[in-house]
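In structure tokens below, several structures.
Next, two complexes with chain A in common: one pairs it with chain B, the other with chain C.
And then the complex of A and B:
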């Protein structure tokens, strides 16, 4: 049992995950909170002690935001996040005390160092799933802390740490508690602003897709490895920034500040605030910093009270205090348009122009073979899918149909044979590359992204058709805006195509089962594919719904799409397929039009067993 | 909307609590002299912190019974640093905000460091009581920081005096393990021996390091035996100490073995074996049980009366001494001004006594003539004060 994934599910599927407050109400509270943080140090009864408490709320808010990228957005359980914080602090301390590099100059240096370190240590382990990754991150955290204690090359000062770190200099020297407070909160403001932009971009959504369903994300063109690594690097860089400011404020650092307890506290902040929620991370930081301070007079019982408070919160608000609100389509569009209130350009969705005339053959499978251990799933499989037609793959259970699909979409690598898409061998490519080549799929047991809106689900298809990266998304470059609005339009068109326009802004989890199928199809359509691969699209649908589905599939083909499907429902196969391939025990046993297949003795035998004996 | 209400109520409670506590923090009032104790009341060393709190309370009661300071009573304010550098900075800021006259604290060295920086910035006298790292006073010029506990290397000084004057050793061997701590103690011992060497009273026949984590020290032991030492001081840690004494005795080296305060504990006895370990000596800060000053006896009886036991570690007593030092300095300065107090701590402390004896400070803020005692392992493997 994978503990981390079940925790993730529990939180994301909690009933209050959409949050109790509406968007505008929340925005008002946000403004009030920002005003509070801005004015707090100026209030008459606030002395330096409370300003410092506010400063540490800030440090934890920044760390919370940084862990939130990894844990909240991508769902990677990182229990060693303090390592990156420590790297930032130590880089600052070492370079400042030895070479007297100014602190603020070291701010980007610390960020880069921490990011680079994160890349180095997570690149070899990023493929690990759930709990395994979690355990390795604990290891990373401890190794970093112990290295600091062991004083490598006499750099870290061993258990005593490093002292005598300068104060930052930003036109004037930053010395007082108040100045530090404003410096830090300015940085938090900028980070939160940029992260919000990232959340509303192709990059942020890709992270969420991975968290929701890695396999589906992969099959729809998300380069999972790249986005997981980038989340770690970005999160680490932000933690490095926090380390830099912490070191200069404390003027001395020692390994005691970077213990496992600290990592778990950060974990608490993100879970408490709400996964993937930026205001949540700030609130979480506020709670874990201010509560223990308030409970200090209780001395020995302080942490018990604190634990109790956390427990109560988690019982009443399992999804966190301020769970992430998903943006409605309108909101996304508004955010894109920014100040120029111009209406959306009626940019006609271009129909994929395929070079229809040139070749008839789209997909060709030659001598395909794959076995798991000693069990042969597919061997010597031959198959051709013609352009502009519906090809169905049928066969009894265990015939290897889904395996063939998984090989086509790159989830499995074949042991022998080739897969040619438009005459090009794609068998060694990664799933996301195959999606980019124009193959989109749906899954046998529906894989949608439950806690994202339907629109966001469909936008996943468009992921492979865009290219805006981190900087373009954070700076909202014109090219990125144009791309985003094109994506939005396409996604909305695809939703409309399957008749789900009305549900665009509701969570996918709220859809009834039958509609989820359509959502999956819309998502695949949004990838602008040439070939769409459907794994048992009719399972779970009633007769009326099946007829409806058949009509949809046929109309899609008329628009120039090619469909390849696995199906058990012979009615549907009858209704839609131009060509049928029958599989048994990993081999093709017959092919032709459906009416011929019904007569074929080998097919009858495969389904009903032979009447000999 | 049950959840909303619950969170609302919780929120209101928090805000209310927050403001009550804010209001609770007043400034220095006229009737008492406020002195803060920064200690790990919670966290990993909470036990030490609690004992420090009790010790300081006992000392304050004794001081107040004797008339307080400048005609006012002493009031102890506790700030908790949870033995963690971040909390320590907050605790220091809290003590500063409460406008106390001076601060006692803190326990751990790397926890004291950020706090000392804040006190320094705010011109407030602070007196450490468990922070023994050398660099606290030697790396940075600090005007307002002092400590009543000895520096890590102070026991080396004690060893030097003891070896020559009490034991009359003519040939001394000093061994360390190149760690900052052990080398510091060894160097300090060497420094203490220099005047005796020039007088011709003694000589150092062996001064070298072993490699920690090794199991076989026969080369070092053979070399050591050839120098025929009268006494052998090892300043490193107990795992090596245990193996060293075992291997040395097996090789026929039978001069007295003295360990630094990291060399001898229950595990040392286990590693070396009781037959060999018994009789090994150690330079250490005395437990209050083994201190015999006047103030110590008053302190012990009041502590025993209030808490039914005595502090089980040497450090809490230094916290009480820090209070005696601060009160003494305020008394000598005649006012609550930080500069005057710091000045008095450096120059006017003649006659100021604490639980562990005279409280005199060097220019850098270290206590002068820190009392150490020689302990030895008795035949049952227990540590007792050595009677020479």
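And then the complex of A and C:
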């Protein structure tokens, strides 16, 4: 079992973006599926019962799409998504039965109410990671369901729920199964269309960066909190829409429809279809709804089979039925072409160019201190980085070098001291703000986004240089198109700069180790930084590759960049650095040109230990 | 959920100490179930969603052993012999089920990542729940009334029932044994080491597969016994009781600090007592809502739980 499954996995899970069904094949299947869904209720042998099944496939598809935003795009474990669906349904039911507000008018109201609720409950807990967030969402789901049962202020009707909800009225009253079917699937079509546009935008990519590596995303300018919250709000709003339509179709709702089991089903829909895949969510909904219907003759065994089917799927096809295909650079460009694009403005880089001549000092660290639970990592650290030079930070393991980098880039907050960038204190800023200020970095243990293409990886750097938001991206405003094509150009130029143009469309996970380092550098360059901070760029490279890297670093400095690097390879430090700072036990012990450092007794002691030991 | 039989006497006897003892009794179920979640999470970093349903399986197996033809056999062993025999058989069978769950649902899926594991865990939970329904039916079942004689007496001035004393006795004995195994034995050290860092533990010669086998036998075994005692206490059992108990027990796990063994026991007992006092003094209907709000508050203000240690993320 183990052996066969691992072989199968290798076949299905080839680390190739073009593995499985190709783009064109998929588009054909997609058109066929759309035609099927459009014509299905008109087929002669389809009765109202099966049209209703089609309607419920649609409800789950819409819910799947909504959870996919949170779980699939951003990777947030949400096992209480039904809460938002319930809020939508109850808002519709209460306002309709008490105040006779028309159902279709309540559609946006339900969406806004569910989105607002999501914002309120997730804002205090959005910083929680993985399983902890998962548990909180389960808690939220239960709180909502139990509250509905307890009938607060007599609003929710207790365990029996609310009856007598109206039908929607869209020029004509929508009554029949067929009419409901078309109303729902039209909404799904519009949602899927808009979500696809979001996926191919700065917003959708930011979501994916967070899913792939949150730390790297924030260090490169993604406002992680904002994008996580917005995913929850948007996902909840869409679930609220599903709740509205469900309530009016059923004409009655009760807490029984919004259990933890429903949330689990939604979770399974997204994973069955494929994480982050829009057609996948629809397929997942189809499987989850139609499977138990087909096995209805087996009545009491059908859910048992369903549980087993989930297991089998996860063993043999863990990536889902229709895993998300990443867009190639060509595809991204094509999406922008066709219509007139807006005026291309130069990128707004907040770099003060005026006093470049006078101001030599770019980064200045004063009396920096940080300790972790009594262990002092950095204390009283002083350091200066001059503009247009390569400064190296060296020192034995555990000296606190990476901690200094993490403080500069805002990942850690210092307990004492200041960090001045161009004379401005940045020590209290968030990582994404520091990236916007013009500081980009790479990581010691390489943090690329493995399941995105190299081009998409590099586009992350450009995130902080753009500003297109949700509406601009969904409506493809001219300004957004212009920005997007500028970002693409810049990203491609940065890939070319490190010699990775050929790999633009392959997944980052497929790159060999040495090239991943270059990909990280290209990503940092795409942020159009003034200061680039490299954490052990040569580790894992052989001698020839190190020489190549040295040449690249030198040429970057010639183009006006300032480089600050941590390095253990003294050959590289020798080759490139203008200035060397030596650190030990959280403090600076010496600085100067490399040749002087080799003779400094304190430096020698730090590396080799003193005679008295 | 039906309330304990001896409270249905029409009179208002919800003194503080009675609520406390009732809370400790329910809390000891949570604690035993929470131990299973915590041990599995420690080693596998997986929320075993099927665990609550294994608890329900324990209750149903106990029901079958105490009723019908088998009920006559257990009855012939006398009160303590019958209960001991039933508990042992339930523990062994649910432990076996736990090991099978790991083999079938988790081991083959482990390499494909945590999200796939969540889905296969949910799949397993749905499977077990519906298998119980297929075997025992969808209507609730009732435990025989007088397995433990309904004796009431006063212990240090606090009114208790023989059933409560029995349940608390068995639970605390089990928790003590687990605590001794985990904290004092070599095997316990292996479990703790695997929980801290699975790779390093493997490099140091610990057979992590054995550890996984152990936690998947021990955790569900304890959960099964908790299910049996829950059946004796509340008498009514239903096929989908596992969801709710599982969720509560998992809340207890988080409360105590996930992956922390004494934390799971403490979390379970605290949760049981808090819930019982809320039901007695505030509102029975809203108690679960308060419990989940408490859970969220703990996660906001002390995300590692009461006994968990803070760990810094390495960048």
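Note that the second predicted complex is superposed on the first by the 573 of 613 C-alpha atoms of A that agree within 3 Å, B and C clash if a C-alpha of one lies under 4 Å from a C-alpha of the other, contacts with A are read in each partner's own complex, and residues count from 1 in each chain.
Here is the rule we go by: a residue touches a chain if its C-beta (ideal position, glycine included) is under 8 Å from a C-beta of that chain, and two chains touch if they have at least 3 such contacts.
Owing to the predicted nature of the structure, the values given are computational and were not obtained by experimental measurement.
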Touching partner for A:544 - first (chain B), second (chain C), both, neither: neither
Which of chain B and chain C A:42 touches, first, second, both or neither: neither
Residue contacts on chain A - larger count, chain B or chain C: C
Chain B versus chain C as contact partner of A:271, first or second or both or neither: second
First, second, both or neither for A:375, with chain B first and chain C second: neither
Touching partner for A:50 - first (chain B), second (chain C), both, neither: first
Chain B versus chain C as contact partner of A:161, first or second or both or neither: first
Touching partner for A:307 - first (chain B), second (chain C), both, neither: second
Touching partner for A:135 - first (chain B), second (chain C), both, neither: second
Shared chain A surface residues [contacts with chain B and with chain C]: 300, 303, 313
Residues of chain B defined as touching chain A within the complex: 1, 3-4, 6-7, 10, 14, 17-18, 21-23, 25, 41-42, 46, 50, 80, 83-86, 89-90, 93-94, 96-97, 108-111, 113-114, 117, 121, 133, 135, 139-140, 180
Complex contacts: residues of chain A adjacent to chain C: 1-2, 5-6, 9, 77, 79, 124-125, 128, 130-132, 134-136, 138-140, 142-143, 146-147, 149-150, 215, 260-261, 264, 267-268, 271-272, 275, 300-301, 303-304, 306-311, 313-315, 318-319, 372-373, 402, 406, 411, 443
List of chain A residues in touch with chain B within their complex: 16, 20, 45-50, 52-53, 56, 158-161, 163-164, 175, 177, 246, 249-254, 256-257, 290-291, 293-294, 296-297, 299-300, 302-303, 312-313, 316-317, 321
Complex contacts: residues of chain C adjacent to chain A: 41, 45, 47, 49, 104-105, 107-109, 111-120, 122-131, 133-134, 138, 243, 247, 250-251, 254, 258, 285-286, 288-289, 292-293, 295-296, 299-300, 303, 310, 312-313, 315
